[in-house]
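For reference, chains read A, B, C and D in written order, and residue numbers begin at 1 within each chain.
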Amino acid sequence: MSIMIIYGGTRENGNTEILAERAVEGLDVERIYLKDYKILPIEDLRHSEEGFLEKNDDDHNSIVKRIQAHEMIIFATPIYWYSMSGIMKNFIDRWSQTIKDPRYEFKHSMSSKKTFVIGVGGDEPFVKGLPMIQQFKYIFDFIGASFEGYILGKGNKPGEIYHDEAAFELASLMQKRL
Amino acid sequence: MSIMIIYGGTRENGNTEILAERAVEGLDVERIYLKDYKILPIEDLRHSEEGFLEKNDDDHNSIVKRIQAHEMIIFATPIYWYSMSGIMKNFIDRWSQTIKDPRYEFKHSMSSKKTFVIGVGGDEPFVKGLPMIQQFKYIFDFIGASFEGYILGKGNKPGEIYHDEAAFELASLMQKRL
Amino acid sequence: MSIMIIYGGTRENGNTEILAERAVEGLDVERIYLKDYKILPIEDLRHSEEGFLEKNDDDHNSIVKRIQAHEMIIFATPIYWYSMSGIMKNFIDRWSQTIKDPRYEFKHSMSSKKTFVIGVGGDEPFVKGLPMIQQFKYIFDFIGASFEGYILGKGNKPGEIYHDEAAFELASLMQKRL
Amino acid sequence: MSIMIIYGGTRENGNTEILAERAVEGLDVERIYLKDYKILPIEDLRHSEEGFLEKNDDDHNSIVKRIQAHEMIIFATPIYWYSMSGIMKNFIDRWSQTIKDPRYEFKHSMSSKKTFVIGVGGDEPFVKGLPMIQQFKYIFDFIGASFEGYILGKGNKPGEIYHDEAAFELASLMQKRL
């Protein structure tokens, strides 16, 4: 299975990345670090006369194309303020534009994808991270992707995720299946 | 009561704004349209040696100061992909930096605020908008603010919110109390 | 529209009933007070050889028949420990049996119903009552019923619901539409 | 650590029990099968003059006493209709009465307990079981108990839980820690 990880974090080698890399150890994976790209916030022009014109001179569309080439997409994000990072949210918000763009057939292509979420947070992520999981579920339902599962890990300071044995067990199990 | 509305939308005179303006009709309110400001995504340096330096040359801090001058803060956001807009999320993500900055005493100042959420979405917002409400609850609990309530409205196309009679009733009731 | 209210409360004239009765004032409504009936907990025999035999000598089936005669079903329950009352839960649990019983064609008949939830609780019901709403959504989705909306009210001591002006506004609005 | 499991299921040797027994394999555990006891639904008399009199001639109070003797309480319930079983809910509903009964000092005694939830369901339990987890969190917060974690497993037909490798991994890990 062809795998892509989309990283929403803003720190090098952060807890989320450590955990996600465990889940794909030894596998051939394409990685996208959203922090390294320019992705403008959506400008909601769905209902304006001109619609969403191709005026955004940024990296969004090229990332969309790279996603479309894979079978499984792993969304790996630190839990900032009880949901995905703002840079990941801006990326997803832009899908409203991509969906309207006939060049991508975005919903059609995404409906065959498997998706997975890995999130690490410091404040009771196993409970307070659940609204984020519910949001991802709605997102994946909307685009027709199959939500295969998620791992929530606990970590705040760098490397703290190593203490979350359950999260690593689940990541190892995931790695065996991929 | 001194009131501020923070708008997370990207459309002029969108459904969220129509509903929120009903809730504050005739009142003296300061408005912030996040789309008109430059707010960089957080760079997570909480645990680096230098910490969060004052290197972000953007509008975040000035908005924080304006918020601190008010008693009630209304977060008004379209529901994009089942949560607040990415630009509002980026703004809130940056609070992790503000909290560490002794010039703002952010948590102390926010602990006396009343907060309110107004969100408008097109896809079953009364159910699929609930994780966003739970998320705001956790956010307000963390900073110690008092979450006074929320209004979820239904609307997709421009002006569609006018058909949501219940949302307007609740906005009118809110206006009487403010 | 033919309306039934199913009451899950255990107190006469409780807060939930006061609010629900406001929503149907002047309308012709059939009321079921679950506390006045004998409804045994489900015995999970879905996978035993004999299946669910008609051995439960209680009122469950007669209530099911009465529900099937109406177009809108309002589930009105006090929020006990952040969810519907145990007696209402036992009633719904038994649907697993009803669904298997060919005499009722339960899923088929319920798929044309409109449903509504009214819940009153004392501990931040507008936030802590939301998981209950999400559960009802899943329940109604499963049986194919159309979840038309809900009202959450705040009240603990008898009559306290009268102070929840917003809940009454929504109940009045609902009454006009029914 | 002294451990009690409270079973909310209605089937002998069901999926929930199989998973929970894995988590306590080889440990000294007291088990309560709620289905084997008589527990009346709560009658809400919190605000009546006589209050909750000791008129319930059932097994509730004796179970409460047994719980109080342990340090960790595991709530193991099949997920019926997206929440705990009605018989477990009736048991918890009665806590409103126990809290008012000075013989038990219920909140005080529960505030030193560790709690854990094990739930098994057939319909996307990893997502649709989350509102139940959020409810348990609110319940445990209310009584002051420490919510140590939860395992959600997938299973419908008898024994189907054996296919949920991740749930068993987590149960094994829990067993090592207990």
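Keep this in mind: a residue touches a chain if its C-beta (ideal position, glycine included) is under 8 Å from a C-beta of that chain, and two chains touch if they have at least 3 such contacts.
Predicted model, so just to flag it, every value in this text is computed and none were measured.
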**Complete:** Note: chains that touch subunit A and subunit B both are none
**Message:** Looking only at residue numbers at the subunit B/subunit C interface, is the share used by both copies over half or under half? Answer same or different.
**Reply:** same
**Request:** Report the inter-chain centroid distance for subunit B and subunit C in whole angstrom, where each centroid is the mean of the CA atoms.
**Result:** 34
**Message:** How many angstrom lie between the centres of subunit C and subunit D, each centre taken as the mean Cα position?
**Reply:** 24
**Item:** In subunit C, residues with contacts to at least two other chains
**Value:** 130, 134
**Request:** Note which residues of subunit A are touching subunit D in the complex, please.
**Result:** 126-127, 130, 133-134, 137, 147, 149-150, 165-166, 169-170, 173
**Asked** How about subunit A: which of its residues touch subunit B in the complex?
**Response** 9-11, 14, 35, 41-45, 47, 78, 80-87, 89-93, 95-96, 123, 128, 130-132, 134-135, 138-139, 142, 157-158
